[in-house]
Amino acid sequence: MAAQPSRSDRRELVRERAFTAAGVTAAVALVTTIVLFLLELFVTSRSSRAAFGWSFLWHSEWNPVTEKFGALPMIVGTLVTGFGALLISTPFALGIAIFLADYAGKKVSEPVKYLISLLGGLPSVIFGLWGLFVLVPLVSKFEVWFGKLVGSEALVASGTTGVGLLAAILLLAIMILPFSASLILESLLVVPTELKEGALALGATKWDTIQNVELPYVRKSTVGALVLSLGRALGETMAVTMVIGNGMKMPRSLFDPANTLASAIANQFLEATSPVYIASLIQLGLILFVISIIINIAARIILRRGVQQ
Amino acid sequence: MTGRKIKNSVMGVLVAASAVLLIAVLAVIVWHIFISGVKYLNWNFFTKAPTPMGESGGGVFNAIVGTFLITLVAAAIGTPFGMFAGIYVAEHRGLRFADIVRLGADALQGVPSIVIGIFGYTFLVARFRSYSALSASVALAFMFVPTTARVTEEVLNLVPSGLKEAAYALGARRSSVVWNVGIKTAAAGITSGLLTSMARIAGETAPLLFTAFGSRYVEWNMLRPMSALPLQIYIYASSPYPALQQQAWSAAFVLVLLILLLQYGAKHLIARVLRVKA
Amino acid sequence: MRNGRHVSILCTMLTVVALVTLGCGPQGDSTTVKELSGAGATFPYPLYSKMFDTYDGITGVRVNYNSIGSGGGIKALTDKTVDFGASDAFLTDQEEVAMGAPVLHIPTCVGAVVLSYNLDGNPALKLDGAVTANIFLGKVTKWNDPSIAALNPGLSLPDLAITVVHRSDGSGTTSIFTSYLAAVSPSWKSTVGAGKSVSWPTGVGGKGNDGVAGMISQTKGSLGYIELVYAVQSSMPFALLKNASGTFVTPSLASSAAAAAVTLPDDLRVMIVNSLGKDAYPISAFTWILVYKEQNYANRTLAQAQALKKLLTWMLTDGQAVNEALSYSKLPAPAVTKALALVDSMTYGGTAIP
C-alpha cells in the first residue's frame, strides 16, 4: 500500500495543489487590483497633469468653459465636511461606546448594538434621501434663525435653501457615528477586567476608572478608529452629493453650497466632454483614492499597535 | 457628595444620553422611511415599470429586478476571489505576503465607492463601448471581495485550533484540513459573511451611476443598461414631481427591507456558528 | 457536518444565476434590433419618454433614454456607448473634432426656457434681458430692487433676497439660457460667456432640469431657469419676458414656434435665441438628436443602423403628434423637410441605409 499511492491519495494531492493555487491566485488578484486601480486612474488622468501640473492642487478656479481646473474648493470641501463630521460625532461615539461597555446590562446593550449595526448598514443613498427631505429643511430654518440672530442678511438669504456644507457635515456625522462607536466599543471590550476591578477596589468611582484606566488603555485604538471613520467620511459620496448644493466656488462659510472630491465627480463625470475636463475629474478621483489608501493603512497600523499593546 | 462622585453621576447621565440620542436619530430615520414608504406602496409599485415622465401609475419592478441581478452576479464573481483570499490569509498567518494581502483587503475596503465607479467606467464601459449591468456587477465585486475575504478570515480564525491540529496529526493535507475541518465548521460563518457583503453592495449607488446607467424597462440582459433600487431612489429623490419623490421613499423602504433580510440571515447563521463552537 | 452544505448550496446558486444571466446574452438574430439606447439632454426628456413609450407600443422596439444632460449625451456618443446622443446645444468645433467622424444634428422639437420663481402669492412677474442678466450676475440681489419694480408697475414685491438657482451639471438648457444672456448683455458676454456649464457668479446649483425645478419649489425667493414643460407639469409660475422687438411675451408653444420662423441653414445648426419676430419668445431653441453620419463603426450592424433610421424618421413625422400635448412646439414644416433630408443622408459602409 505504501509503494503505490492510492487513488484517493492522488486525488487529495491534486486537490491540495488546486487549493493552494486558488488561494495564491485570489490573494495575488486582490493585491493586483489596487495596483490596477492606481495605474488606470493615473493613466487616464494624464492630460490634466500635463495641463496643470501640481498647481491643480492649489488653484481654486473650476471652470469648464475656459477649461481651467483647480481642485482646491473640492479639497477644502472634503476636509471641512470630513473633520467637521468627526468633530461632532466623536463625543457621542465615545459616550455610546462607554455606555455599552460599562453601564448597560446585557438586556440593554444587545438591542442597542443591534440598532447601531442597523444604522451602519443603511445605504448612503437612503441617508441622502432622508437628509434632503428632512434634515435640509431643518438646516434651512436654523440658518434663517441664526442669520437673524447675528443680523446677517446674506445668511437669511442662503438659508432659504438649506443645502450646503453644514447639512453635509451633520448628515456625515450621523453616518459615521455607528461606525466609530462600534470600533471604539470593540477596543473597550478588550480592556482586562482585572484592571478595572483593581481600580474600583481602590475606591475609585466608575468614572474615575473609565477616565484613568480604560481610556488611557484604549487611546491608540480609539485614535485608529477615529482615523478610519475620517476615511469613511472623506470618501462618502451619494448622501453628500444630495445635500451639499454642488457649488463649484470656494466656500466662504459653513452655510455655502460646496462640493467634495467625491460629489464633484458624481455630479460631473457623465457630462464632461472635453478630454481635459474628464482627466481633471479622474484626477480628483486619484487624489481621493490616494488619501483614502493612506488613511486606511495608517489607521490599521495604529489599530494593530493598539491591540498589541 | 464629593466632586468625584458628582462627576461620576454627571458623566453617567451623559453617556446614557448619547446612547438615547443615537436611538432617537435612528428611530426618526426609520420612522420616516417606514411612514413615507408604506403610504405609497401598492401592487403596481412591485409589478410595473415606470410610466413615461409625468404620467401617474407605474412602479419600480425594473429596479427590483436590476438590484437582484446585479447583486447576485457581483456576488457570483466576487465569492471565489474573496473566499480563497480569506482562506489564504487565514492559513498563512505570519507570512509577509499574507500580511500584505490583508492590508490590501483593508485598503480596498476603504476605496471610496465613487472611485470604483470611475474605474468601472474607464476600464469596462468605455472599453466595451456599452453601459451594462455586467460592468456594474464587476464594479460591485471590487467592493464584495475585500469584505468577503476579511469575514472568511475572521471566521476561520474562530475554528478551534485543536480540531485542525488533530487533523494534521492524523496525516491530513492542508487542503483537506482547511476544506473538511475549517470550512465545514465555518461554513455557516462564511455564508453569513457572503450575506453581509451582499447587504452592503445591494445598497451601493455610486458605482452604478457610470456603469449600470439605468433603464426604464424591465431588463434581464446583463449586457444592457439596467436600473437598480438605489439608482432609482437617487434619480427620483432629486426630481420635482411629488409622485416620483413618493416613489423614492417607497423604493427606500423596499431596499431597507431587503438589506435587513440579508443582515438577519447573516446574524442568524453567525449565531449558529457560535453555538457549534460552544 | 450539515453546515458544509451552506457554502456549496450558495456557491452553486450564484454560479447558476451567473451562467443563466450571462447566457441570455444579446438576444435574437442580428436582423431585428429590438433595443436602442440614447442619452443626453434633460430638456426634451418628458417628450422623448412619451415618444419612445408610444414607439414601443407600435413597433415593439424599446428605446432606453437616460436624461443625463446634454454634455453627457455628447460624451456618450463620443465614447460610442449609446446609439444616439441628445443635446440642446450644437457641437462646438472642439467637440466635433473629438467625435472623430461627422455627426448629424437632427432637431426634434422647439422648446422654451422659462424663468421660474417662488414668491408668496405667485405674482405675475415681468422681466427683461438686462435685468435678468443683472440678477444672474449678482448685481440685483433683492426682489424689491427698483429695476424689477420698474418692469412691474402695480406689483408689490417683497424685501426678500433673490436666490439664484442654476444647473450644476453640463446642460443644453444652460447653453440656451447663457446664449440668451450673452446676446442681451455685453457684460454677461465678457465676464461669464455662454456654454453648457459656466462659472456662475452667484447662486446654488441643482442637477438637471428636475433638480433646478425641485430646488425652486423648495426655496422661497428663488429664481431659476428651466424648460417650459417642467414648469407646466409641476405647476410652477414663470415670468413674461421682453423680446427683441420690445413686447412682453409669455412662453408658450406658439411663441416658441414663432421664434423658429427664421431662415434655417441646411445642417440645422442654429441658435434661435433673442429672435426678432414680434411674437417670438426670446429664450427658444431647437433640441437635437446627434448621430454619426456613417453608421458602420464600433462593430455596429446594418440592422442597428436601420432601426435607428426608422426611429428618427418616425420622430420627425408621426412622432411629432406627441409634441404639442406635452407643451413642446412641433417643428416648423421647413425644418422637418431639412431634418428628414439629414436622416436620409445617413450611410452604412458608405452607401445609403435601405
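Just so it is clear, A, B and C label the chains in written order, and each chain counts residues from 1 on its own.
What we mean here is this: contacts are C-beta pairs under 8 Å (C-beta built on N, C-alpha and C of every residue); 3 or more make two chains touch, one makes a residue touch a chain.
What you see is a predicted model, and the numbers here were worked out from it, not measured in a lab.
Using the contact threshold fixed earlier, the set of chains in contact with both chain B and chain C is A.
Compared on C-beta pairs in contact, A-B and A-C come out with A-B as the pair having more.
Look at the CA centroids: the one farthest from the centroid of chain A belongs to C. Here the spacing of chain A and chain C, counted between their Cα centres, is 36 Å.
Our note on geometry: chain A versus chain B, Cα centroid distance of 16 Å, whole angstroms. Across the assembly, chain B contributes residues 80, 238 that each touch 2 or more other chains. Chain C has residues 206-207 in contact with two or more other chains.
Shown for chain A are the residues in touch with two or more other chains, namely 270. In the complex of the two chains, the chain C residues touching chain B come out as 1, 3-7, 10-11, 14-15, 17-18, 21-22, 24-27, 35, 37, 39, 45-46, 49-50, 52-53, 62, 64-66, 79-82, 206-208, 210-211, 213-214, 217, 230, 233-234, 236, 298, 326.
Contact residues on chain A toward chain B in their complex (touch as defined above): 12-13, 15-16, 18-20, 22-27, 29-31, 33-34, 37, 40-41, 44, 91-92, 94-96, 98-100, 103-104, 112, 115-119, 121-130, 132-134, 174, 177-178, 181, 205-208, 210, 228, 231-232, 234-238, 242, 262, 265-266, 269-270, 281-282, 285, 288-289, 292-293, 295-297, 300. Looking at the complex, you find that chain A touches chain C at residues 61-66, 137, 153-154, 156-158, 160-161, 163, 245-248, 257, 267-268, 270-275, 278. Chain B makes touch with chain A in their complex at residues 4-5, 7-8, 11-12, 14-19, 21-23, 25-26, 28-30, 32-33, 80-85, 87-89, 91, 97-98, 100-101, 103-115, 117-119, 121-123, 142, 145-146, 149, 173-176, 178-179, 199-200, 202-206, 209-210, 230, 233-234, 237-238, 245, 248-249, 252, 255-256, 259-260, 263. Those residues of chain B that touch chain C in the shared complex are 51-55, 69, 72-73, 75-77, 79-80, 125-126, 129-131, 134, 180, 183-188, 190-191, 194, 213-217, 220-225, 238-241, 269, 272-273, 276.
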